[in-house]
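Here chain A shows up in two complexes: once beside chain B, once beside chain C.
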Partner chain A sequence: MAAHLDWAPVRLEALTRLFETKESWPEHWHWDWSKKADLLDLLAYRCMGIECEGHLQGLMMTSTIAKNSRLRPRGKAILYIEYIESAPWNLKALVENPKYSGVGIALLEAAIEFSEEEGFGGRIGLHSLPQSEEFYRNYMTDMGPDPDHAEGLRYFEMSAEQARAFLEGRK
Partner chain B sequence: MMRMSNELFLKRAAEEDGCMISAIGLKPLYAKTAEPAQQAGEPVRFAFRTLISYRRRALRLTMEDVAQKAKVELDELLEIEENASYVPEPRTVQKLAGLLKLPIEELLVLSGNATAANAVLTEAAVRFAARSRAVEKLNREQNDALNEFVKVLVDQKASARKK
Partner chain C sequence: MALETTKRTMTLNLTEKEMQVLESLSAQKDLTKTAVIRQALRLYQLVDHRLMKGEKLFFEDQAKRQAELMVMM
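And then the complex of A and B:
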């Protein structure tokens, strides 16, 4: 995956720095996209990215079959975000002056749009890494740690009403 | 489709403020490679849960309808439709087969409760899995994939009876 190659040098530089300062680094950096690329052969999976100045600024992989809603109305189809990430040079934790802000917002908006296109009413869900929980708590419902998740991550869901509120700026 | 105004986007982008947005799926991207035997079964189990979901929608039944009519817990139904590694009890499979009018023996194979007698069923399941995606209402493409797969299940049952 191009993002892997493009983002790797910045990550490496940040890792070295974080190692020197004995800070912990993001646990998801050993994700191997090539191992999951075959999922994209299935129609249920889709990959979306934001490109600017010739570089990928953010990447998202979604599935239309992974989960159903936990919020009321329960059991409705939702768009599940398998993976979402912003390029390392856009993260305050890694660089002093992040290049672009709003990558997460733009990807969330795209996810809601895709969910609507699929007839899911804008409903989306994801399992957030601990460092990202605060961001998602602003717009989605925190359903708590999910025992079904291999890492026990917290599950967040956005209802159709929350999706409308997100787009209209009511929260 | 409603879009966010530019003004609102800028406000939200400022709120994001370069924070981490990472999320990781139910099947972590860095998960260890499964045993070969498990890998072989994955598309088949994917086909099982998709088949249940499609068939339910084709019959215009909500999850609550199925739970009530088949006397299956809603939580278990959610598990069946979402979790490819979940193997339901044969009794649950039997209830679903009855309600959704699907052949029980083939459904037991797809759900991981029995072994396929030949490769026809598993090959059809892999093809079906590759063509599948969830939608609120099945379109023609999904209906075709579903009908084609159900036909293989029924044909399998018919040929097993002949033997």
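And then the complex of A and C:
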């Protein structure tokens, strides 16, 4: 996948630098988008990206099945975000001056719009890596650590009302 | 962000009982009947894809942690 090839050299350079300075690096670095591409043959999965200046600035993979809302009203269909990531040159943790800011927010907006198109009312959900929890708390409800998640990550959900408020705030 | 929007129309013939189930799921999930059918197709494809790869499908009981092997034709 193009993102993997495009982002890999920047990641490697930053990884080396952060390792030498003993700083921590983003937890999603083990994600290899080329290995996720196979899922895109399935109807349930969709990949969305933001492209600017000929480069992917952020990527997101969503799933439309097997997840129901945990917020009230419970049991309704939601759009689940399997993976979401900004390009390494847009991450404050890696570069002093990120090239583009707001990539994560723009991807969340796209997820809400897709959820609405699917008839899910804008409801979305995801499991957050610890480094991103604060970001998601700004827009979504923190449902706490998920005992059913393999890595015990915290589950965040956005209700239809929260989604509407989010989109209003973006106008 | 541009999403695929081209759709084709088909007529679906269901028995009374199948239609009742579809309407019930539609109300329960707050989805249109088309969206329920679309979700079912996605799920069927995913399960079939994984079974064809040699994986197995289990349902796990939350309280007893009992696993039941599901067979899909």
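A few points about this structure:
Basically, the second predicted complex is superposed on the first by the 168 of 171 C-alpha atoms of A that agree within 3 Å, B and C clash if a C-alpha of one lies under 4 Å from a C-alpha of the other, contacts with A are read in each partner's own complex, and residues count from 1 in each chain.
Just so it is clear, contacts are C-beta pairs under 8 Å (C-beta built on N, C-alpha and C of every residue); 3 or more make two chains touch, one makes a residue touch a chain.
The structure displayed is predicted, hence computed values, not measured ones.
Aligning the shared chain A places chain B and chain C in steric conflict. Contact with both chain B and chain C is seen for A:G75 once the two complexes are overlaid on the shared chain. Applying the stated contact rule after C-alpha superposition, one finds that A:H149 touches chain B and leaves chain C untouched. Once the two structures are superposed, chain B and chain C can be ranked by residues of chain A touched, with B on top.
In the superposition on chain A, A:A44 contacts both chain B and chain C. By the touch criterion defined above, A:I65 reaches both chain B and chain C.
In the superposition on chain A, A:E113 makes contact with both chain B and chain C.
Once the two complexes are overlaid on chain A, the chain A residues touched by chain B in the first and by chain C in the second are 42-44, 64-66, 68, 75-77, 113, 117-121.
The touching residues of chain A, when paired with chain C in their complex, are 42-44, 46, 48, 50, 64-66, 68, 73, 75-77, 110, 113-114, 117-121.
Of all residues in chain B, only 1-5, 8-31, 33, 46, 49-50, 53, 62-64, 74, 77-78, 81-83, 129-137 touch chain A in the complex they form. By the touch criterion stated above, chain A contacts chain B in their complex at residues 26, 28, 30-33, 35-36, 41-44, 58, 61, 63-68, 74-77, 80-86, 90-93, 98, 101-107, 109, 113, 116-121, 126-129, 131-132, 134-136, 138, 148-151, 153, 156, 164, 166-169. On chain C, the positions that touch chain A within their shared complex are 1, 3, 28-32, 35, 38-39, 41-43, 45-46, 49.
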